[in-house]
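Quick notes on the structure that follows.
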Amino acid sequence: MIGHSKPDIQKTRIANSMGRARILLEALPYIKQFRGTIVVIKYGGSAMEDPRLRESFAGDVTLLSMVGIRPVVVHGGGPQISAAMAAEGIEPRWVDGLRVTDEATIGVVQKTLVGVINPEIVRFLNGHGAAAIGVNGLDADLFRAVPRDERLGYVGEITTVNTGLIEGMLDQGLIPVVASIARGEDGHVYNVNADTAAGVLAKALQAQKLVYLTDVEGVYENVDDPSSLISKMDLSDLRRLLERMDGGMLPKLRSVADALEGGVSQAHILDGRVQHALLLEIFTSEGIGTMVTP
Amino acid sequence: MIGHSKPDIQKTRIANSMGRARILLEALPYIKQFRGTIVVIKYGGSAMEDPRLRESFAGDVTLLSMVGIRPVVVHGGGPQISAAMAAEGIEPRWVDGLRVTDEATIGVVQKTLVGVINPEIVRFLNGHGAAAIGVNGLDADLFRAVPRDERLGYVGEITTVNTGLIEGMLDQGLIPVVASIARGEDGHVYNVNADTAAGVLAKALQAQKLVYLTDVEGVYENVDDPSSLISKMDLSDLRRLLERMDGGMLPKLRSVADALEGGVSQAHILDGRVQHALLLEIFTSEGIGTMVTP
Amino acid sequence: MIGHSKPDIQKTRIANSMGRARILLEALPYIKQFRGTIVVIKYGGSAMEDPRLRESFAGDVTLLSMVGIRPVVVHGGGPQISAAMAAEGIEPRWVDGLRVTDEATIGVVQKTLVGVINPEIVRFLNGHGAAAIGVNGLDADLFRAVPRDERLGYVGEITTVNTGLIEGMLDQGLIPVVASIARGEDGHVYNVNADTAAGVLAKALQAQKLVYLTDVEGVYENVDDPSSLISKMDLSDLRRLLERMDGGMLPKLRSVADALEGGVSQAHILDGRVQHALLLEIFTSEGIGTMVTP
Amino acid sequence: MIGHSKPDIQKTRIANSMGRARILLEALPYIKQFRGTIVVIKYGGSAMEDPRLRESFAGDVTLLSMVGIRPVVVHGGGPQISAAMAAEGIEPRWVDGLRVTDEATIGVVQKTLVGVINPEIVRFLNGHGAAAIGVNGLDADLFRAVPRDERLGYVGEITTVNTGLIEGMLDQGLIPVVASIARGEDGHVYNVNADTAAGVLAKALQAQKLVYLTDVEGVYENVDDPSSLISKMDLSDLRRLLERMDGGMLPKLRSVADALEGGVSQAHILDGRVQHALLLEIFTSEGIGTMVTP
Amino acid sequence: MIGHSKPDIQKTRIANSMGRARILLEALPYIKQFRGTIVVIKYGGSAMEDPRLRESFAGDVTLLSMVGIRPVVVHGGGPQISAAMAAEGIEPRWVDGLRVTDEATIGVVQKTLVGVINPEIVRFLNGHGAAAIGVNGLDADLFRAVPRDERLGYVGEITTVNTGLIEGMLDQGLIPVVASIARGEDGHVYNVNADTAAGVLAKALQAQKLVYLTDVEGVYENVDDPSSLISKMDLSDLRRLLERMDGGMLPKLRSVADALEGGVSQAHILDGRVQHALLLEIFTSEGIGTMVTP
Amino acid sequence: MIGHSKPDIQKTRIANSMGRARILLEALPYIKQFRGTIVVIKYGGSAMEDPRLRESFAGDVTLLSMVGIRPVVVHGGGPQISAAMAAEGIEPRWVDGLRVTDEATIGVVQKTLVGVINPEIVRFLNGHGAAAIGVNGLDADLFRAVPRDERLGYVGEITTVNTGLIEGMLDQGLIPVVASIARGEDGHVYNVNADTAAGVLAKALQAQKLVYLTDVEGVYENVDDPSSLISKMDLSDLRRLLERMDGGMLPKLRSVADALEGGVSQAHILDGRVQHALLLEIFTSEGIGTMVTP
């Protein structure tokens, strides 16, 4: 059955397509630069909650994987955990102003991170054609941890990382999606901060990039001054900044400092509320958000 | 610092140990026979609920893995799912006497299987020194499914299995622990019967053995006659038996028939209430429970 | 040294970039479909002569290679050979209307294809970041040939292809650029038609696609009727067409028929005068030019 | 043909088996600890002569191999050699109280070690299901040697070891059984002390353990005092002991010291007259005999 | 320290060397043809006994190995065994005119083949720079056998060959030297005819060539007519010849027939009394002795 | 069809062949010594122009390759380039007595080296059974270069070598034949001195030998004194010689010094006018020409 195409229609189509081809080609140098390297992405905030942003994230990560970059996704799930605790009527307990993770709480943490959020991320990534696989710190002892502060219960600090597990997955073309719990030396499950877990994993894997998707535009020198948004700084700048900083950015920036000292080449604080923030960072010359280099 | 041991104590110790050595050696022919082969184990019932049996199961699976056999664990979680549904106040719905898996139900199924039971199994296996890894049907599209009956909602029938994912894990010395959900062709999560999933997986992997850990002693020719317990039958016996059988054993035995037709070499219905049932089956000459061969 | 970026500039930049990200993502399904497959491209005509088209071609091929597709470029060089012969004062000789390739002529053919055109293509591909490598039919006896017609002199018909040579290069991530000469059974150099060589090579490599870059819009059912441009046909359509066809398209279409019969999945006659014709064909849903399938 | 098992018989059988399963599981931590490591075993004395001990040794080594440990057996054969010499009427010659290995003697040594003892060990190991392979120092120049003392004739000191040969065998799952002769730099066969060869080989292979099966209970601080049996000492203890020691234990202990200095992790002097001495040492917490650590 | 060479001396040397270079080059087509193929050589007779022929054999085999051909040497040792039996005063026993291999006899056979002849061949091959390794049928159960005739005692017929063992050695560049004993199904050592073992091994390894070094010039159509020496025949000629033949050539020719039927490409009966018979056969156009092809 | 050979003819043939076998065996130690090592050969002069010498060269290189040595051929082509320039009427331009390589000149250089000389060498090597492959510095950026002197135009100095490209070819058993052009950092083609390119490549590949085939007998201490021909010197001798030397040998000897300092084990200046000079050097004990060692 021979099919025909009207010449003028084909011409219009070609004209339209030309721009697309040029855009694909502009990505070439970035693909070339980052092929084969590991990019650890801490995923959370609006990018995880807003369905439209979630789709854009899934597409971005899948594309990175398809062109030969090796993304590793690390996620937490604070808000969903809080909601699940409320639904189960678990009262948060506090010691010296810090929340305690008791037996009941860690149960909800595990159930929510591993049973709800993690397979959900895997499912929508695979819906874009990726081959994502859910992992948590218990799998083949990916994360071993010790208690961070005995008074806080099952809150852990990572002591060892089974990098072979993640590397094995990357070698098979899989995208690991990591839920941030760990196995304590006592055999119990521990909750570990996802921002920190991302940094520790990036360092252990000697990643090229460590990327935080956040709900701010980047790092500000002065939080009250929108014009003080930092586009680029190095490790010494970051250390000075850390001395006079507090708030939610602190665990991320400390992890960035640790990762860069430990061999990671670049760290980024991106605005996850921007669609395709990840692609924009990796595939454009200026990047977006705040970049920190050693 | 030189240490001494009293000669008579050493002698007593040696005498005691001798018997242990002999028992280890009796395992030799079985290790030789099954090294490198895949054993798919459907895990559930008392063996999963009773802490003492759980420990014995974990030890057995770890030992199999350490001596070079390749166990794959598949689990369901009916009772825990029912409990979780009740706790969340979800009313079961029925169509023609069959339970419907609606949106809320599949959410509880996923959360319980993937977030509670699966990591728990992984955790106690790794506590025995194994390198277990949790997997579910969404991971790298391990199980793709279609709806089994449109009226039943998100209940799926497996259409394809990503055997490469499991084989890759086995090649790295990992013990896959599989939660029986699947990705529907519509992208949604589906619940799949764990007994069936085990059989399908055993067939897809061309396993040497398919083992069901149950809460009965084995298969009875006549359920009411304890002396009719079958120790051994072949596929043609099984087919005759299937014609006049009903009840909970049916999905297991149908899966056994499918698996044996599809290339699996042996299937076993074991009494999971017996400690170390798995080791006894694999490492003794008579085996236990009911064995079915092609 | 901390760098800042003005928030409004960043916003504009993001807005502009968004469209680019979307276009990259639209390529995803095609990358997924064709990763790891071999695409043999017959390169010639305007796409080789026009500097702007040459750049666009080089970018296209490099991009294919970077995203994991395995392009193999085959080229001829008729016009340049004619020019070089004229420059050296070699008179073309004819037998029954067919041009004779004598000792002097084959010398010019080899010098021009292997010494001028081939390294030029390699050089501009590598200028785009590719890792192209020049090859000709003499290298490790890539093409062995017998004389096609004794009266025509050193004009050969390919009898065997050393596919291992090309596969080895593809496995190392190289882009082979193949000059269409061959080693005769008599040890002499032979000229082989580049259109035919591309088809033979596609078949020997069991390529996914065989693509001809030409100076027409595609294949016409009726050369005099622009509206008869064929967008799609299958092998049986092509065979009917071949019976009543003549002219320059004939060797291409015969090679297409041979290649499709021999296991190649798709063949394309593209308009090489269109920039990025290759990308448009592979990365858009409608494709361009004429596609032939088995 | 359906087979039945009487329920009460099965119950008795299960009860009996339970203890066996527990013993198998107690071996788990040791299997885990030593999998993949090399254990060089000097085999000789009663363990080689007494048929019952020989069987127990064969079982032990086969089990080690089956669970993934990599045993290498080195043997001598003093008594058999003496007997063979007597049978052939060869008179031993002495120089300064040391026995001379002349042309006739080395012939008997080679014939007995390589032609009688070595294949015998290989044969009974394989009778237990192992895949043992006989090797001697001439094979692929496994051992090169120089004369130890010119007056002693063909008695050699090992200068180089072809570790690749043994490692290649281990990688194929074979158990090398090594006869302690060597190729001299002059091309002649040389006799090398088997105790020394075991130590040199353990060091060259960077073995985890070097084990001597002897006809004593272990090392005594004071040979005349049975209560001075040493269960554990380190390299510095051993060195002090060596200064005031003589007799048959000397070459073993010197080899132990050399091996531990050269990177071997543990050395053991075991009582080969105890059945399953090897398994007891490796698979129980207290071990038996004398252990020396760096 | 600058060294000088007198120009005229260098010229003479070059002149002399020229012929050598040409001879090396004449070997090229044969090296090309046989590289990577397996050649099984039955070694025995004068070639094994005469020191000069032994040297020439060792050189030939080493050269084959060095240029990438894969020789496997199989040897017997009839005369040495008879001598050893006489020395030990063992009386040969006969049943129906056939010699019986009893317990004492098989002991001498093993000791002589494995302990005397085999290491001797290994040693002189390695003296030429080869990496030969001694193997016998007990090693990793290389040869399994059943009794050939119960009345004859430990005389075996090979039932299975562990080709993986030999292939593993060839892959490591080793030259296996095989002593023709086997493991009986009863665990006992059996003597197997070396001519037959060579043929069975060639077939199991799918060798390119099976070569017998004998003490005759080749096969004669008529043993009494020296002019009836056969240079070349095919399998059907051989079968006709076998019908009317007897004597020592029979087991060789039957093995040749079996091997050629089983996939071996060429078999040769060479005169081992000719120095370098092996090289002459493989590296010259006419070959020597009798060649049989399928 | 049985074939016979007359016994006396066979005897004569064997006698004749015996000498050939001995010569083959004399090559053994050299094959053993150089197997697996890389030998970079600068090819040019009479050895390239004289048809008889060319044949001898092709045989030599093919033989080296067949016995497992890894030859890499580097060639220039001064005389042919000059002839081609004259034929095209290009006037050589000079700056300060040095020839300028302008746009037209580099075109002729590329066309002649890559299009005429290189495929010619490949073709006659393959005619001897080798698997040679033509390469030039543009292929996968084998040679990157910077201008040597801005006034000289497109004359380059090599800055980086893509050794992986050549090693990949050697691993596949190919013989790389390298044309000495390079890619400038500006993307343009550059001419590089072939003597220098050979030295740079030998160093980058950590070759065992760097061999120059020249039209002189070797290096003379005093060019006017034929008796001062040097057979052997070391790097310190060479450095002293370089201080008082000029003329055509200079670039070769400087490259030799660089290569030896950079890890190459031996360098040779051979008389390419002698047939089989290469074989004589590598396969005889005295070697020919001048050898330089570190």
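Going by the order they are written in, the chains are A, B, C, D, E and F; count residues from 1 in each one.
Keep this in mind: a contact is a pair of C-beta atoms (placed from the backbone, for glycine too) under 8 Å apart; a residue touches a chain by one contact, two chains touch by 3 or more.
Remember, it's a predicted structure, so these values are computed and weren't measured experimentally.
Asks: Return the chain whose centre of C-alpha atoms lies at maximal distance from the corresponding centre of chain E.
Replies: So the farthest one, by centre of C-alpha atoms, is A.
Asks: Report which of D-E and E-F is connected by more C-beta pairs in contact.
Replies: E-F
Asks: Between chain C and chain D, what distance separates the C-alpha centroids? Give it in angstrom.
Replies: Centres of chain C and chain D (C-alpha means) sit 66 Å apart.
Asks: Using mean C-alpha positions as chain centres, tell me how far chain C is from chain E in Å, no decimals.
Replies: Roughly 54 Å, centre to centre.
Asks: Distance from the CA centroid of chain B to that of chain D, rounded to the nearest Å?
Replies: Roughly 42 Å, centre to centre.
Asks: Using the touch definition from the top, which residues of chain C touch two or more other chains?
Replies: none
Asks: Classify the chain contact graph as line, ring, star, complete or other.
Replies: Looks like a ring, each chain touching just two neighbours.
Asks: Can you trace the ring for me, chain B first, then chain D, and on through the rest?
Replies: Start: chain B; next: chain D; complete ring order: B, D, E, F, C, A.
Asks: Which residues, counting only chain B, touch chain D once they are in their complex?
Replies: Going through chain B, the ones touching chain D are 1-7, 10, 13-14, 17-29, 31-32, 35, 56, 59-60, 62-63, 66-68, 128-129, 217, 221, 226-234, 237, 274-276, 279-280, 283-284, 286, 288.
Asks: For the complex, give me every residue of chain D touching chain E.
Replies: 87-88, 107, 110-116, 118-119, 122-123, 126-127, 131-136, 138-141, 164-165, 168, 172, 174, 181, 183, 187, 189
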